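Both complexes below contain subunit A, partnered by subunit B and then by subunit C.
Coming up: the complex of A and B.
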């Protein structure tokens, strides 16, 4: 009973605090405080909503004013031209921008090149397009919309109190959404997208769907904030709505507070709004703005990841009193199933063109269950391309690929990953802002079979231990050496319990001792019964590890067979060493 | 008898001296420095943000007026304290800061901010607290729906009807009155509002509107618009422009080797247009220019000199007093007159007094008993002549020796 009370007490306190804040306008404070807090909550909601896509997923948007503006004009038009009660306009003010975001995202997110600054510019262009439409149609037409005739419901004793309450509800909801997202599968996927979208997709994150969801959420919140703001401002103009202030402020607030944190943008919004309001006396206006700018520059220079991550980092450095207990390593039952005759992977006539370059020219390859196939060939022979088309990173130009008898060649990479295909990268590509353990957990969550978070964590710890990374769980990839990063790649792949493991030059760049370790590790993986296709240049490893070796040359399967036979094949030798020498 | 006469004379002389002293001393006594708790008058201006350039003008004008009022009797014998805040050119900030002025700073009276959107945002606050709000820069009077909001500039209740006719009257007075017109306008609410009025009134007076075209506010590329103007070749070009848009349009027309015959510009940047080689004979709207007969209005010379001195010190680009500055002066003249007239700081009494009285301001005799608390319209037309703006219409307000020059 006492434990239950202790567990529930923080929640109860939080609920009471939220309730108390909601009722602030009834406390009899001067109305200005309601009004000021409205502006704070307004910016908290806008900045947090921006971070849902741009901070979490790294799709930096300069078009937040577009969605804010669509929401604002939705309320303004519905309330003034169709006499819809103000509160009833708000759902539409959220839904319309969300739909707009889905439509834009459905086009933009399919194009890989539209990332980074191109996405920022595109969203900015969307703002201009929407502003032009609003300005040149009866929605506004240039004359602005005056809201004075729209009745404001009396939710609080004063109109300003009512605005405060509406902003408070939206703000709390927005923060709750941001918290939920950041602690959910969706959030994990978005953070992975932020760090490396291609890898996220290959690890099983449905990147397209997740980005759409984040974009819609972000736009919907901006829209409803706009809907309330239409009434607050009272006179709506295109120039005042679709201006650059909104995107610039939300970016600044999010960057200051920490855009990857659910709470960071809120901190940034509170700080900046308070600062801007602290220097509004006529004598200090210019000086105040300059001072605010100076503080922001200093804060961003010293805290490039934002205030909240910096505080978290500082708290983590402090001794906690007790050493972190070693994570229990769950026993993983090794499969004893030997390599059988059942074909797991069937590659038929796999062709891949990059413009005029034929990287794969009709490769046929069968991989049996439990088998290790070494994939060798000179540089440019198509080895990595074959790995990329099997894993879905590149679509096939021709041919087909089947896993377990089911065609996977037309599937997106995340779907292929979920069907049991895991891969590593020649140059490790961990999610750089996630700890080593979070990297493995993310891969296990999206790529592996459905399990509870606790099971996923236990198994992730196991695979970290299996790959020799115990004790490095909380380290960021930047703190790991190349050897450890390569093994982190392996741990990520293994944590998905793959049917087929694609290893791309896992030994390259390692010293002899590390190579020996790695070979032992791959053997251990094999002992688990995994089916492995691995690309390797180191012949000793190829011969030691492979059941069969496939030699690719100029995009074609040149030879396939037992390692020692293939390596003695004069044709293979000539490919590697040159005809003159071989002769 | 002689003694009696002498005594009588002494009494008369002494009485006369006493009376004379009293008469002479009275204004000095009346002008005694106001004392007691200051009367706080709060307001915001766009000291930062995109409207900041105009705020410098308004601020100087307001400071001149506060000092002048305090050099007289303040408000009802109490000194006036101007509580000025920066609304950052944002209506939401204006709204919030007027809440602050009224509920935290507890100002006794308020003055309106600059520009339509902040004014409307502040007007809602003023209405909730029953405060009188005087403003000088809202170009769409019909939006001023609060019965204690008053204009300090003589737009009149329907400037979209009255002002086009002032312009058309002026055009009708030239040797070859225009028969055709092209109306261009920025899609800025107050400019668009006037442009639609211009189109309608021109048609009503039989002037053929060859082209009505709206462009986005802040447009920089007038090439295509200039081509259409040239093609239409109107007798009169009316431009609902803001800032430098007029300069850009005229430049684009020049590049097409086209000079408009007569051309009017609504709210241009006055200095750049007057100094531009394309700006000669450009027409524009105004309420006042620093010439006669305006300079003979009470206090005007003093305001002009004071403004020039302070504007120079503040490094303002244009140091000559103009209609913008006089709008703010007019605001304070109205407030002072209303407080003294009502003998009260009570907003209801001040509002009632304003609605029932005329106020002499630098912008003329203003009354507030018409629709939207507006009185008579008093728009005028000025023209660039020798790189200076001169009022040319109505004729009685034209500077001495200055006439409207037709192209």
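Coming up: the complex of A and C.
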């Protein structure tokens, strides 16, 4: 009982505080304060909504004014030309921009090229096009729209109080959405997309759908904020709506506060709006803008992640796990597990063309359940490409791939990952802004069977211990050495409980002790029931680990069989191994 | 449909106006393409140069070319100094965009404090001068601008293609570490390039003073179009920037003649969107 009270008390206090803030206009403050607070809430909502896509997933948009503006004009047109009551226009003001975002996203998010600054400029261009269309069609027609004839419902004693209340409700909802998203599966996926979109997709994050969802949410909130703002400003023009101020200020606020944190943009918005407001007239306003500019420069140079993450880091300073040096040794497992008879992976005539280059020229390969297949061949023979087409990173140019008898070659990478195919990268590609443990949890959440967050966390800890990474859970990947990063790749792959594990040169760059450890680890993984296909140059490891060895040459399967037989094949020796090993 | 003469005149004015887009785009394109820095303050620097040329011309009666001789090297120095900041803090593309935006806002405030928000016009005898070629009029100042822009674009392009310094710069843009391993002093070259980019803003500013009406807020008017030009012309390619500028200028001007002036922005941004989505090989 006491526990329950202790848990519920903060919630109760928070609810009371929210209620008190909502009723602030009844306190009879001068209208000036209501308007100022309205503007603060306005910017908090806009900046937070921007961060849902641009901060969380890293798709920087300079087109926030487009969605804000579409919402604003939706309300204005519906209220003035079709006499729809103001409050009833607001749902439309949210839905229309969200639909627009879905349409834009459906085209743009399919193109890998349009990331980073090109996405930013494309969204900016969309803003100008929409502004011109609005200006030249009867939506606005160039003269602007007067809202004075539209009745404002009296939700509060004063009109400014009503605006405050509306903005307050939107703002609290927006913050709640941002909190919810950042603590959900969607948020985890967006953070993964931010760090490395290709890896996120390979680990099972439905990147396209997630980006669309975030974009629509972001645009919808901007739209409803615009709808209320149409009434607040009273007279709307294209020039005043689709200007650069909106996208630039939301970027500044979010970056200053910390755009990856759910309440960072809100902090930035409060700081900047207050600063701008304290320089209120003429030349002073100009000085205020200059001052904000100066603060932004200082913030970016010294606090590149924003204020909120910097404060958090400072609060959380704790000794790093340097005390526990050296990776634990993996358990010793006999290498005698016989391969079953069931075929798990069936590659038929796999062909991959890059322009004129034929990287895979019709590869046939069957991998039996529980087997370890070593994939060898000279550089450029198509080993990594084969891994890339099996995992769905590249679409096949021809042929087919089946897992458990089901075709997977036409599926997107995240679907293949969910069906139990995990891979590691030759050069480790961890999510750089997540701790080691969060990396494993993210992979387990998206790639593995569905489990509760607590189970996922426990299993992730287990796999980190299994790969000898205990004590490194809270470290960022930047603090890990190559050996540890390679093992983090393995832990990420294992946490998805893969049926098929594709390892791309796990051993390269490791020293002899680390290699011995890694070989034991791979055996232990197989003992858990996984089937393994691994690319490797190190012959000792290939011979020790493989049940069968597949030799690729010039995109074709050159030889396949037990390691010692294949290695003695004169043809294999001549293309790959050299005389020394043959002797 | 307007007459052929009107269309021809629109085409000529468009191409000439496009020269200004191209000249402004060149400096941006160089720093974005070769240094991976997106420099929004480029526009503010151009306007700062324009205001100085205006001030020297109206108060001290200095001829515009002498003003340019003073302003352009000064801009070179500012560009190099700005690069010191980027270098010192290892700024990436996105951060450079935000920082230079702030720099532009600060410059805008400075300009407004000194020259006020009023419109300023620098009247010279050349302002109204034009050559008559058949039925068409060609304004002399715009023509001079295009000639200067063309010379600069061609010269810079040759410099990047043919000389060791130019090749070293392009190598560094591809992979700075590998280029450094082959003995390219990337840092020194980056200062040079930043200086050159800002010097182009100085040259553009001189022409802005002569051709356009000055106001602090005008800094932002060309932002969208010029970025479109930079992308269509391909990053790091000065000749591409100039040609793209003229293409956009001409299509805007013709669209204005056929439809209405208000539709002009749709033209340039639609071209940009199409280019981004389509990504044709020939660009």
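The rule is simple: the second predicted complex is superposed on the first by the 546 of 583 C-alpha atoms of A that agree within 3 Å, B and C clash if a C-alpha of one lies under 4 Å from a C-alpha of the other, contacts with A are read in each partner's own complex, and residues count from 1 in each chain.
Basically, a contact is a pair of C-beta atoms (placed from the backbone, for glycine too) under 8 Å apart; a residue touches a chain by one contact, two chains touch by 3 or more.
Only a predicted model underlies this, so the values are computations on that prediction, with no experimental measurement involved.
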item	value
Joint occupancy of subunit A by subunit B and subunit C, clash or fit	clash
First (subunit B), second (subunit C), both or neither touched by A:176	neither
Which of subunit B and subunit C A:410 touches, first, second, both or neither	neither
Which of subunit B and subunit C A:39 touches, first, second, both or neither	first
Contacts of A:113 with subunit B and subunit C, given as first, second, both or neither	second
Partner chain(s) touched by A:142 [first = subunit B, second = subunit C, both, neither]	both
Partner chain in contact with A:132 - subunit B first, subunit C second, else both or neither	both
Which superposed partner A:286 touches (first subunit B, second subunit C, both, neither)	both
Touched partner set for A:300, first subunit B, second subunit C, both or neither	second
Subunit A positions touched by subunit B in one structure and by subunit C in the second	132, 135-136, 142, 283, 286, 289
Partner subunit B, residues of subunit A touching it in the complex	30-36, 38-39, 42, 132, 135-136, 141-144, 146, 148, 158-160, 229, 232-235, 237-240, 245, 276-277, 279-283, 285-286, 288-289
Interface residues, subunit C side, partner subunit A - complex	38, 85, 89, 91, 93-95, 97-99, 101-106, 108-110, 112-113, 220, 223-224, 227-228, 231, 260, 262-266, 269-270, 272-273, 276-277, 279
Contact footprint of subunit A on subunit B as seen in their complex	45, 47-48, 59, 84-88, 90-93, 95-97, 99-100, 102-104, 116-117, 120-121, 123-124, 128, 143, 145, 187-189, 192-193, 214, 216-218
Sites on subunit A touched by subunit C in the complex	60, 107-108, 111, 113-114, 116-118, 120-122, 124-126, 128-129, 131-133, 135-136, 142, 244, 248, 251-252, 255, 283, 286-287, 289-290, 292-294, 296-297, 300-301, 304
